[in-house]
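Each of the next two complexes has subunit A plus one more chain, namely subunit B in the first and subunit C in the second.
Presenting the complex of A and B:
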């Protein structure tokens, strides 16, 4: 007799995606609060840059409107991608609830991915609205700020989402060894903001740092998707970049599977 | 006196608890330094040395960042964890019931139970950043200035405490699964920069309904102007800088009491 895992793998995955999306809307006050306040994170950057532009010339390839577009897109992507999967997994491990996941028809990696996807879909729906308002208000009109190549943007965004998910899964699995992981999660978030170009466009960092970052997975999370929206380059230009991102996502996934398999041996139900 | 003794006993217990997780402590330090690095990099890239926005140069803005970190750190030691968990743990799951039958004021009890000693790192980091940036900006750290600076940190911390209490008290009326920490931290980013860069409506909001301007900008402006490093002539008088935190704290403690009267046990 086939197990539930082999009989219904697809449906279980999409059921979790659907439930996760619905869970996001279960507390409307949460959604409303974030909906109205998330653009504020971007406003600080915008008004600071606007004030700077009044006294100093901004970089010629990044005028104020383009920087506004850059930051509003960056924060929009962050709101959709950043699920705190690591903290969720950390608490599952610390409280011993991870043992329940071992009995489910999805392995933990796919279960967490389904949850993150559901959340991301719901967030994309809710945050696209204020995101568009931001672009229209500060970017100088929507028409000229449609993605330069929608297909490339979608591929780059999907790759960025997967890479961030895998990095968060890694931090989550570290809880098998450290008990508490939310400071690590916070550190990853901070590093990601810096190394993925969310705080300062990577092209403004020193050359040596840019060259080093070009080999790492971080720019694929935010910088590449944002650039693929802004820069009108042909698919040939983006193909190797996207390929590199895909390789990083696959590599991180494989490493996580090995690491998780190793870490799981430490599990003794309560206390991870 | 009894309250003070209880506070220090709880503080010692929390310190012992945190010391059990040393890796967590070290990573916390790294994450705090990274967090400050983000702001320094952002300001440094776009505001090169020698340029300023109406008198606010690189070091003046860093001074503001340091002051903001110190005031946030001080308030976070006291009420940030309560702010994070109040809605879900105390209102939705009804843990507040336990506090109501104990011989300590529930708000004080909440503070004692949820002290967050890790935030000492934020406080110390803010003090160090403000001290270095102050020196670089030309501020002379005379005893009078140090005293004034310490006072501003306490007042700014009181403003943050008031805002935290205000926001978590709304959980009595609008129970939430997750806290309003993320939205507040988004708003808090606005307090990192001089308020003069914002449009009037935003400046008004940050000076009245959500007085984040009083956590760093107005105190920082006063300190820099008193050291003759800024000459905007727009610094608020000292009495107002002291009055706003006191009024805010009084109002929010009353709001908490009103919420408490409405609370009817788990699931209310």
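Presenting the complex of A and C:
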């Protein structure tokens, strides 16, 4: 059994998380620029929705403020969750730099997870706070923009992050077999936006599609964390949903382990 | 320390001809060429040895190192590093070895060098006291003090190599693989590196397996040479044995003192029967090992000191010549 399946020390995991977060701030001007451009992106969304609402009646259960909150939360979560792990992994494989990871006593999957977690933590720190404040400015009161159930939201967000990470690791591993990593990454991203409720809230999709999606991992990535923020439902309502998300995260994790074990056997790195 | 038996690796390389027809056909049916990177080869490296892998480009040196370090899986054969299969038990093997690829760096690009060192400490579970002690020692050898706070991206190639080597040595590996470690280093840095590797080998009994095109380094460092040619091991033995096999000759060089009237003409005349090749005021002979004429020639040269022989000396072939002859 290939030893990449074994984990590396917990202290090293958290060191990688810390270094990844620190790396994010290695170029302060970039952080500053993103800090200012991110609210501008938010503003764009808000005015776009306002314009749409001006010519088409919005569904009664999704007034303008709620829809703006829905999309803003969605894109805020995407910014934190989506750390381009698939492209990063693909470029490691294509350029042969995966050799450098294989030379260390570590589990590649946990290494990549620690990196994604560190980058996500840094982004959450720098952008989530300002994002929420900005939402409140348009909505009239910070209280309305705090999660309805913080514990459920945290669990749903963690599950969503893990599912998206595993899906990206899967796309990344395809680079062992093909050079189309970038295109597949883009396709996954587009599918994710649609099936996870970033393009349209899933409640607006046809009933049949909603029923099918309820069994798939995609809604757990964005739609469910957003809903858990917005909808004041009791914990018993969310428990089976969270359990299903956890099962998906575990299944995808196991699938990836098998896939990487198989893929590493056919890894070729030419030249020095 | 390293045992390789009938180790073999082939790559399938896609072949794409030129022209529209070839391009169209390659979309549906791609042709592959099998490139035997490493033909069945066997060797062992004992603990404490410094062995050099030498060969021209494409000889299979890097592929061999990747198989020995568990990065890629051999197609056939068996390999044991520290008694373990490096592919199947990569993590355990990695914990005990250090690897430096001259063209790649394991340091964290945007962060200060010391952060990468702390990561090594955590990854290899190095006790704090041992970490501090080793870092102090390596800092003295590689002059790391002023580099520790610098982001890796701001280092020169030589500085980066020093830091990469230090990172590889921090866990005190039992076995160190060095693939082209002198790329980009200046002469002074190469000299220091060679001395440091000798010290590490002598004081910590670290086994070294090195590939390099810098034969001066190999000559100064390696007790043993493994010559690879097109994936085959064509020689495995000591440097002296390599010289005996591939450069079994000496060079006798004689230089003429200028300003002695008729001196050079007399020397030319007296030594004409021995052949040799004149280059300005130097005459050079290549004498096969064991040639009885060697002593006669030497005596003749000594006799000509009054005619203006300024100096003469016997020279062993350099490793460069050995390699050149081996791969000729």
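As a working rule, the second predicted complex is superposed on the first by the 251 of 272 C-alpha atoms of A that agree within 3 Å, B and C clash if a C-alpha of one lies under 4 Å from a C-alpha of the other, contacts with A are read in each partner's own complex, and residues count from 1 in each chain.
Definition applied: contacts are C-beta pairs under 8 Å (C-beta built on N, C-alpha and C of every residue); 3 or more make two chains touch, one makes a residue touch a chain.
Because the structure is a prediction, the values reported are computed rather than measured.
K.L.:
Name the contact category of A:267: first (subunit B only), second (subunit C only), both, or neither.
P.N.:
A:267: touches subunit C, not subunit B.
K.L.:
For A:247, decide between first (touching subunit B), second (touching subunit C), both and neither.
P.N.:
In the superposition, A:247 contacts neither subunit B nor subunit C.
K.L.:
After superposition on the shared chain, which partner residues are touched by A:15: those of subunit B (first), subunit C (second), both, or neither?
P.N.:
It touches subunit C, and subunit B stays clear.
K.L.:
Does subunit B (first) or subunit C (second) touch A:100, or do both, or does neither?
P.N.:
Only subunit C; A:100 stays clear of subunit B.
K.L.:
Considering only touches as defined above, state whether A:26 meets subunit B (first), subunit C (second), both or neither.
P.N.:
A:26 contacts both subunit B and subunit C.
K.L.:
Can you give me the overlap between the subunit B contact set and the subunit C contact set on subunit A?
P.N.:
Overlap of subunit B and subunit C footprints on subunit A: residues 26-27.
K.L.:
Under the stated contact criterion, what part of subunit A meets subunit B in this complex?
P.N.:
Per the touch definition, subunit A meets subunit B at residues 26-27, 29-30, 33-34, 36-38, 40-41, 43-45, 47-52, 54-56, 58, 178-180, 183-184, 186-187, 190-191, 193-194, 199-200, 204-205.
K.L.:
Any idea which subunit A residues touch subunit C in the complex?
P.N.:
The touching residues are 1-4, 6, 8-9, 11-12, 15-16, 19, 22-23, 26-27, 96-97, 99-100, 102-107, 264-265, 267-272.
K.L.:
Going by the contact rule at the top, pick out the subunit C residues touching subunit A in the complex.
P.N.:
Per the touch definition, subunit C meets subunit A at residues 11, 61-62, 66, 69-73, 87-92, 94-95, 99, 101-106, 108, 110-111, 115, 118-119, 122-125, 151, 179-180.
K.L.:
Flag every residue of subunit B that touches subunit A in the complex, lowest number first.
P.N.:
Within the complex, subunit B touches subunit A at residues 21, 23-24, 27-28, 30-31, 34-35, 37-38, 41-43, 45-48, 51-53, 118, 174, 176-178, 180, 182-184, 186-187, 189-190, 192-193, 196-199, 202.
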